[in-house]
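Letters A, B, C, D, E and F mark the chains as written, and numbering starts fresh at 1 in each.
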Amino acid sequence: MSEPRRELPPGYQEQLDLGYVFGGLSTFAQRPFVPHAAQLAEWKPDVAVMGAPFDLGTTNRPGARFGPRAVRTQAYEPGTFHLDLGIEIFENLEVVDAGDAFCPHGRVEQSLDNVKAKVAEIVNLGITPIVIGGDHTITWPSATAVAEKYGFGKVGMVHFDAHADTADTIDGNLASHGTPMRRLIESGAISPHNFVQVGLRGYWPGQDVWDWMAAQGMKWHMMDEVHHRGLDAVMTDAIAEAMNGVDYLYVSVDIDSLDPAYAPGTGTPEPGGLTSADLLRALRRLALETPLVAFDVMEVSPPYDHSDCTVNVAHRLIMEVLAGLAWKKSR
Amino acid sequence: MSEPRRELPPGYQEQLDLGYVFGGLSTFAQRPFVPHAAQLAEWKPDVAVMGAPFDLGTTNRPGARFGPRAVRTQAYEPGTFHLDLGIEIFENLEVVDAGDAFCPHGRVEQSLDNVKAKVAEIVNLGITPIVIGGDHTITWPSATAVAEKYGFGKVGMVHFDAHADTADTIDGNLASHGTPMRRLIESGAISPHNFVQVGLRGYWPGQDVWDWMAAQGMKWHMMDEVHHRGLDAVMTDAIAEAMNGVDYLYVSVDIDSLDPAYAPGTGTPEPGGLTSADLLRALRRLALETPLVAFDVMEVSPPYDHSDCTVNVAHRLIMEVLAGLAWKKSR
Amino acid sequence: MSEPRRELPPGYQEQLDLGYVFGGLSTFAQRPFVPHAAQLAEWKPDVAVMGAPFDLGTTNRPGARFGPRAVRTQAYEPGTFHLDLGIEIFENLEVVDAGDAFCPHGRVEQSLDNVKAKVAEIVNLGITPIVIGGDHTITWPSATAVAEKYGFGKVGMVHFDAHADTADTIDGNLASHGTPMRRLIESGAISPHNFVQVGLRGYWPGQDVWDWMAAQGMKWHMMDEVHHRGLDAVMTDAIAEAMNGVDYLYVSVDIDSLDPAYAPGTGTPEPGGLTSADLLRALRRLALETPLVAFDVMEVSPPYDHSDCTVNVAHRLIMEVLAGLAWKKSR
Amino acid sequence: MSEPRRELPPGYQEQLDLGYVFGGLSTFAQRPFVPHAAQLAEWKPDVAVMGAPFDLGTTNRPGARFGPRAVRTQAYEPGTFHLDLGIEIFENLEVVDAGDAFCPHGRVEQSLDNVKAKVAEIVNLGITPIVIGGDHTITWPSATAVAEKYGFGKVGMVHFDAHADTADTIDGNLASHGTPMRRLIESGAISPHNFVQVGLRGYWPGQDVWDWMAAQGMKWHMMDEVHHRGLDAVMTDAIAEAMNGVDYLYVSVDIDSLDPAYAPGTGTPEPGGLTSADLLRALRRLALETPLVAFDVMEVSPPYDHSDCTVNVAHRLIMEVLAGLAWKKSR
Amino acid sequence: MSEPRRELPPGYQEQLDLGYVFGGLSTFAQRPFVPHAAQLAEWKPDVAVMGAPFDLGTTNRPGARFGPRAVRTQAYEPGTFHLDLGIEIFENLEVVDAGDAFCPHGRVEQSLDNVKAKVAEIVNLGITPIVIGGDHTITWPSATAVAEKYGFGKVGMVHFDAHADTADTIDGNLASHGTPMRRLIESGAISPHNFVQVGLRGYWPGQDVWDWMAAQGMKWHMMDEVHHRGLDAVMTDAIAEAMNGVDYLYVSVDIDSLDPAYAPGTGTPEPGGLTSADLLRALRRLALETPLVAFDVMEVSPPYDHSDCTVNVAHRLIMEVLAGLAWKKSR
Amino acid sequence: MSEPRRELPPGYQEQLDLGYVFGGLSTFAQRPFVPHAAQLAEWKPDVAVMGAPFDLGTTNRPGARFGPRAVRTQAYEPGTFHLDLGIEIFENLEVVDAGDAFCPHGRVEQSLDNVKAKVAEIVNLGITPIVIGGDHTITWPSATAVAEKYGFGKVGMVHFDAHADTADTIDGNLASHGTPMRRLIESGAISPHNFVQVGLRGYWPGQDVWDWMAAQGMKWHMMDEVHHRGLDAVMTDAIAEAMNGVDYLYVSVDIDSLDPAYAPGTGTPEPGGLTSADLLRALRRLALETPLVAFDVMEVSPPYDHSDCTVNVAHRLIMEVLAGLAWKKSR
């Protein structure tokens, strides 16, 4: 990275550097902590990682409110040189940790407003937001903010998940983690024609929802297809579908797209999912091959994790995207 | 119990009996499952145990939504003969499991309404409700329903907790697990002069809230006093204070009144609390010596429990109250 | 399902419906609770799920006695519409929860007799039993009851397991979880020529047992073969072998046929096993392509599970079979 | 210890010495491993520690079969100098690890016979046996072997437990962990007049069993009494009662006599129990003040333990007894 | 606090404020992060909390390297108003988080040097250091730095621990967590006549070490004495002994002075220890009654903790000391 | 095995035999315990399994010091007949457990010297050492001892790992678990031309280290290659590369070469790794097809394991190598 690093207060960088194993201050990947919009405007990094500690939309096991903190403090990070791409990520990409949106307990609307405002602050500066959830309800305000920047219907979506999250309501709840994709399509933020889902499986939702999805023109690739064709072939189709006629891409990952063997720490686990290796390679392709402008990783629930397995995978999914972005920028 | 047992569908009682260790259907203490108001009206038990699987008011670690299920299915129950009182509880007291109030995810108001309605169904039949939480927000609707039955300001309250739960709002939230006691006093449901708190300690709330509490005329007994005087002496005072001029008592237990060594599975643990033995004996006295008309046990959070320690204590707190009620009735 | 649903006592169905996430009464998949033979005879469902909470035959880590309870109460179930088959299971298949057989602690013979009696009650009504274990000893009485209904030597067996379970005795014990298949073959309940094992691996049993198995004419497909040929190809052979000359099939799954990464909660884990996705698809084929008349899932040991991973997989294996049966019935 | 240490095979002692923290071979307290009767006869130590890995008598959570292994391998042991008594235990008392009795899975009678035979081997040489369970059923054969040595009705018993373990049968089972004390009294091995129980609490057994116990002349001290009088005063009575007219004492500890806060890793936890400090001091008095000839620690269930808390306490209970015996011998 | 708060970079304070539950940046008690000596010199707080993530001196279970991080990020903190003292701590006492000393893995000497240097930076500015360990080896460099500031032999020590930590070497290791107190006495940093230990128990060290301690003139109060006299009486003596002829006090807490029921997450647990309530009150007295100039909490090992019980207690021990200091300053 | 078994002290073999499930003495696979060099010289087994309980070189999560103990005591072992090879391992290969090298806490150099000495004792007798770690630093002394026996530069190395472990220093530490392979190449013990790494992935080390590795002539096969070509094809190349011009092979496995789903219990987990089945088959080929003279399994960290998953895999990796050696010897 040719441009000089902005200055942190004295002592901060040393403490961030200690954080690579077990000491010091904990930010995402020891990145500078730049929580304020004015600072971001001055600093103008390529990417800002932020947290959305919200789990009020969770139907089953809560705890995703602790996801952002855990990804910052509990993930193991030995280095930042991506072996397959051969690139030192942070020498090629300026990344900061922008802190968390305020998600007050028990207050759904206020929380979603705050997430939307913070994502907007980032994306409106032309910075790529990466959002650590929090439950999947968060993608509603987050992708809305991104669409408001780049244009409603102008941003494609690749959505990895065990569940379609396209119910109208659940338990009468419009702002559930089972409904955000419905909201995004209803509002026009994301066009159903560019909305592609990968990894679906299991027993939900019912026929009526699938009929609605088909009627909208949404695309999906179930795990059964992934098992038969391989994820790589599926991704080629998914990218083509998502990018058809649009110039921007939002990628949203529900950590439960992974099999529970790889990601036990989540609220609504569904056996039969992706492997970590597959999802990592899929994200690399998305970062390298598409005009990705926003990314989120949702549904990491530390109380149900073991030995930080899920937290570590979530951290690596973000690193994989950063590596791809760094590689693109470096060319 | 002289009156004949009402009939369950064939096979049910056998399966409930299997439940005493590791098989069969799981209701609280293998009691008959009588979830419907009409059935309750006909059956007319002395006590109905119900669940309120709600944790949207939790400021810190969620999971109390799984409290009612865990107390029904995970507690170990070797028998039902209370050794100190020498009484076979369910031969002297008719107790049923009335199921859960519907607490839809993400919907605070609807959940609290449903809890209030279900408690009202029970208490309005003259049955003693025992509510398993769920977070402490639940005591707001539950005690309101009880007060509506027996008269606003006519029911005393003994409240065991590490925290006073008398904040006006937290994070702008009126329906938080840190505010229910404020709501009950503001509405007049419980008179502050009969509102007694036991087990308070730690660092919350701040001076302004204590001033408000004192201005209202509330009473409290901090752990420091308990450590110096012993819980038994404190309880003698607490009972006198709570019953001064009223004829009914509601007893509410936050499981975090216990030290985390005894009850790790809770959302906001505070070191320095009660022992299980002390709390059990205090509840026995309340059941034996006061006109207790409602009881709740709140804040059991199974994801943070170990080896069902917290679940078992919660179960025993309820059994202790039932034993006291059975003894009183048998005389 | 065209026929009208039989009536449950008032309030029950509402409570069962609450059970889909975190409240209410817990039966398998919120199915009606029909524990008594007389009720079953009147209700006559297609399938009855029952538990066999027995682990006295376990050589290593016990705990499978808690398997049935955990599968009922701890599994996460978002819905009941099978995505790949496009079928709402319980609209096409009447399924009830028939409760548990009584397995008194420390009493092997009595427990096995009770299991056999309860399976017989179900199967003799022409209902398909699905048995949740409990350790694998249970398949001895269970498959015996099924063979007594359909004829000794008239029922094929597909048995997924890491271990052959065909020892004569272990530690001098005839009724061990390492011996049930020997018992079934010795008694003639299942013909060795229709007895097919899939997923075997590791270090047990020794040469003498394999010699005996070969001498009987049993068939087996080791994991090594599965890794080379793929499970789908192996299943085609296994089905042909098991159904050769018989008209009924019993499918028995030891959860340790899965790799411990997918199913840590079991008594005798053996690395190198099946993935959840593979086993789910294999069971779907069995339900769709064979005249399956009984199914069991054994060796789920909750004390060794993490984050309910194993419990969830076990639940899904049963759902997969139910989905296949529903699809067949609906055509 | 003035007499020279018997010789171990070369290298063994060095490896045992490594075991004091995290390496080497694991025997109890790094004591020489002397598993064979003939060796014991030659070596003639003061005390032989042995294991009884049996849990087939467990009514609720199994796992005590792993108790002996865990106490040997997982307990933390920084040294062997008892601070309060000021004595280096193993310089004053010859202690060996005699290995385990063979407790074949699923075979209750054979297991109990083997335990009895192994205890007899030890006690008949005049060596004090210390038995690590295993569930409490084990005390039946163990105390029978001790009584056969010293005379039926000639050995007193102090029994620490939450439960009386004096049921006739449970689930029709005579050899349950809830029945051993009944067996010992019925057979005459221990006289009821010298049978003293400490720590009882909770809800089991029922009135009929208490009537039987009283009719026999058994003595007991409930936790309620302990809370009021203090354990020290209770122990003075208990010792007097147990030793009235006899010259030998067997001390049996169910680890669930401790509160679950101190000993979560057990099968049938009951809140409201002893503290570790209290039980340690009580055992010290028993070792110092009585002619203790046998000791057992039962019901340690490692699958339900956390951070080896229960295993460590069990280890210390044995060390406390050894320290008392060493002190007595050294005078 | 009358003086105006120093300014943090924009956005920082808001993020620290979020940290009170589950979001934002994690410093100790949301205090400003002031890691650099020059900043500290300008800011000049009353107290600086720092971490020493070192566990290379651990004889048994490692993991204390993660102690500082866990106390900052995992402790639950509902507020900062000390209920018993009635004081808002941080309005009366300026406290900052000074970050961690660099403790490179595998390098004992370098780590201890870095800890000493960082403590010296703090104490030499007249700021009270509070050190979060890390294993107890850390008290060697930490107390040496404090003694270098106030004078060798001029600082008393009250040391809460299960173990005396006064061995000459362990495994030939001079810099072990079992030796720091020997080092401090040998170097003259702390006079043995003002060195008072509280909470000792168990089986270590041996007679020779006790002889050395007595010969030096050290004082100690074993748990046995605490159980008999009560901790309050013992503390009165301990304070008098430690302060005899000196004007400064260092207080060092090994978290294993607590019973494992209260603090399971530690490396060398010893049953029979203090309760949280007792230790909290003892520290309050020390902060209120003595000229405490430094404090440390050692041996918190998060991998062995459950539900953050140990982390929370460690956090509260620090808060209790801060509350006492705030109260003193406010008078 | 035609030659008669050497005699163990009476009772030992019976106790070892008990160890196959949950009793008795715990050695690796119930092999005779032969800890002393003189005994080994007399006994002269084919293979000696030893432990190196060292984790002072660990950069992140410690705990590998408990690896050897856990593999001996916690692994489940149902039998010793390798199903795929059809061979009773210990009838064809004499294997003993040689105990642990002494690895004193806090003393890196002394520990590494002791490991080297103990490996040398074994290998100099012509016995194949199998070393259970401990962290990967251990391979430095272990492979050095092997190279000193067979000649510097005469022994090839196949090294399975997520990380190259070829840093010059980490945190200034030459003896880190991230540096052993650098040390072996610098010293000439292993020639870089025969040094082959398999399974590398993630973000470490940086470009300079890869340049150094390439300059040396080292070979490596990243996971990306494994995912594309399959491990079997990669192994064919790896064997050819490692054996090019040398006659001996050392195989070193870092358990983190496996994906964390299969081996969560390790210090530096990296998502995207091998499956257990793949690694087991690769080791079988190495044992069967190469002149393997030494083997190690490193980085098993029990405090981070769940349900002994990682411990069991480590145990099976050793068994797979033993099976291959037994098969080779039997021909």
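Annotations for the structure displayed:
Simple rule for what comes next: contacts are C-beta pairs under 8 Å (C-beta built on N, C-alpha and C of every residue); 3 or more make two chains touch, one makes a residue touch a chain.
Quick caveat: nothing in here was measured; it's all calculated off a predicted structure.
For the pair chain C and chain F, chains touching both partners: A, D. Rounded to the nearest 5, the angle that brings the Cα atoms of chain E onto chain F is 180°.
Chain C and chain E have centres, each the mean of its CA atoms, that are 56 Å apart. We define each chain's centre as the mean of its Cα atoms; on that basis chain D and chain F are separated by 40 Å. Multi-chain contact residues, meaning those touching two or more other chains, occur in chain D at positions 21-22, 59, 61, 65-66, 105, 259, 261, 304, 306.
You'll find the chains touch as A-B, A-C, A-E, A-F, B-C, B-D, B-E, C-D, C-F, D-E, D-F, E-F. On the chain D side of its complex with chain F, the touching residues are 9-12, 14-15, 18, 21-27, 33-39, 51, 53, 65-66, 68-69, 72-73, 99-103, 105. The touching residues of chain F, when paired with chain E in their complex, are 55-59, 61-63, 65-66, 104-108, 110, 170-173, 175-176, 303-304. Residues 59-61, 163, 178, 200-207, 210, 222-224, 227, 259-261, 264-265, 268-273, 304-306 of chain D touch chain B in their complex. Contact residues on chain F toward chain C in their complex (touch as defined above): 21-22, 76-84, 86, 88-89, 259, 261-262, 275-277, 280-281, 306-309, 312-313, 316, 319.
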